[in-house]
């Protein structure tokens, strides 16, 4: 019996930078770096998003997939998918990004609720078995992220 | 006869962080730092806007007024005044910011055309006589900006 | 037959921040991060040394040993062991640092010649088998270093 | 009667990066930026020295002289003039730097005592009349330094 929780499946209404939808199920066998962000969250823009993009470019061709998740839980009128598309273009984001499904009766979107994110940026590392091995709110420095992803790749 | 051009009057459709509209005419007698930006322009977000805000906080009470101008010339649907208001809130911008008046038959807004800005960020220094003393596209480092504003204050 | 070279043994005249001398042989079984530096080399001071120290603090208790090597190949009169000791104190360096043995008939010290370092900073990663897995001149970013060390730890 | 103190004359045993000795007296008529540092003081190396050098390069040809003062008050054996010369070379320092005269019966050198510096880095701004207009311990940000120097230039 595993001590680690299975990563909940993502609820996404729209994808950018990918030919088709991505899912936890179809990425089984790979290490997944999931970063939740909002395009007008300063800590996401200065730290989380560029870190994810650098990881994506550094690990292309390896068994790692970096996925962004736009988890808008406030100021919905300003952070629409139309605005997100401009943001991704202007910030040269080339890794896949999904738009978290708006909640039916909550400002908090669906995947954010499933994972229990307390805010943005949040980082989740999912192992080859589809299990959550790390989840944390806030910026994590490059050295620590590199170490964790490197270990998951080789275990 | 002066070698310096008078600063064109600003065409603004909406102001934030000020009780009433600001103008070149009413600020005569003060040094004005005008910075033109777009909320989804990476160089503006990482350099121009925080520099303007630091200048504003450092010089409060002095004869200097720092004014932001949201000169949207691309991606208009993503950078609306509603979105700008969220941006100013999230980035803790407390200096006055005006929304440049949309052009009638051009994507380039009115004040941007009057000043001939080639893009964002752009910085303009206006002296106590209402004349343009410096205008440049792109990020200018803190030391150089400080020197120029300091000189204008004492001349 | 391995494609990797065995790490040459270190020739050190004096150690700091360790109870006894360290060697490639006695660290067999652990991952070793060896960084060669000079205390008056700007790239070492701004990047290589603080990166090594952060790695040391992050991985304390893990099977990783971070070792600095003071490879003075120029300006020997200015970068003596006495000066190095002050440097380590002022820069709060707590990981072990050895002073590379001066060459008998060369300005280049002994270990630097054995490894073929072309300058400072240089970084070497040695695996649990005592083999060189990575060696490079110049600064390497935190994400890449973290990934490499993480992989060596789990393989 | 002035509220400002006259800047004490510098006691220097050796100069670098200048054809002849500099003094407060002979620089009368110019704005002087004096920064006191030690070559193994981390805050000096990362902030004070590069800021002084940028100021020097930015203001060449203007009525400003940037002067470094090596005020060694600890670890004298490690921070000799020979070591300082290497430091200035490696860090591409091109502005004039004087070595503060060692105290006869004190570890604190002569000019440091005359100015009452509490440590390094320290920054002093001297106006065209040879008076101290600003003196502070620790790093001061570029914007604030630029503003102060700009004002002194024009008053």
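Labels A, B, C and D are assigned to the chains in the order they are written; within every chain, residues are numbered from 1.
Keep this in mind: contacts are C-beta pairs under 8 Å (C-beta built on N, C-alpha and C of every residue); 3 or more make two chains touch, one makes a residue touch a chain.
None of these values were measured; they are calculated from a predicted model.
A.B. asks: Counting hops between chains that touch, how far apart are chain A and chain D?
C.D. replies: When the steps are counted carefully, the minimum from chain A to chain D is 2.
A.B. asks: Can you name the chain that lies farthest from chain A, using the mean of each chain's Cα atoms as its centre?
C.D. replies: Looking at centroid distances, D is the chain farthest away.
A.B. asks: How many Å are there between the centre of chain A and the centre of chain C, using C-alpha atoms for each centre?
C.D. replies: Centres of chain A and chain C (C-alpha means) sit 35 Å apart.
A.B. asks: Using Cα averages as centroids, what's the distance between chain B and chain C in whole Å?
C.D. replies: Going by mean C-alpha positions, chain B sits 49 Å from chain C.
A.B. asks: Among the residues of chain B, which ones contact at least 2 other chains?
C.D. replies: Chain B, residues with two or more chain partners: not present.
A.B. asks: If every chain is a node and every touching pair an edge, decide which shape results: line, ring, star, complete or other.
C.D. replies: It is a ring, because the chains touch in a row that closes back on itself.
A.B. asks: For each chain, which other chains does it touch, given as pairs?
C.D. replies: By the stated definition, chains touch in these pairs: A-B, A-C, B-D, C-D.
A.B. asks: Can you tell me which positions in chain C touch chain D when the two form their complex?
C.D. replies: 40-42, 45-46, 75, 77-80, 82-83, 85-87, 90-91
A.B. asks: Would you mind writing out the residues of chain D in touch with chain B in their complex?
C.D. replies: The contact residues of chain D facing chain B are 51, 54-55, 58-59, 141-155.
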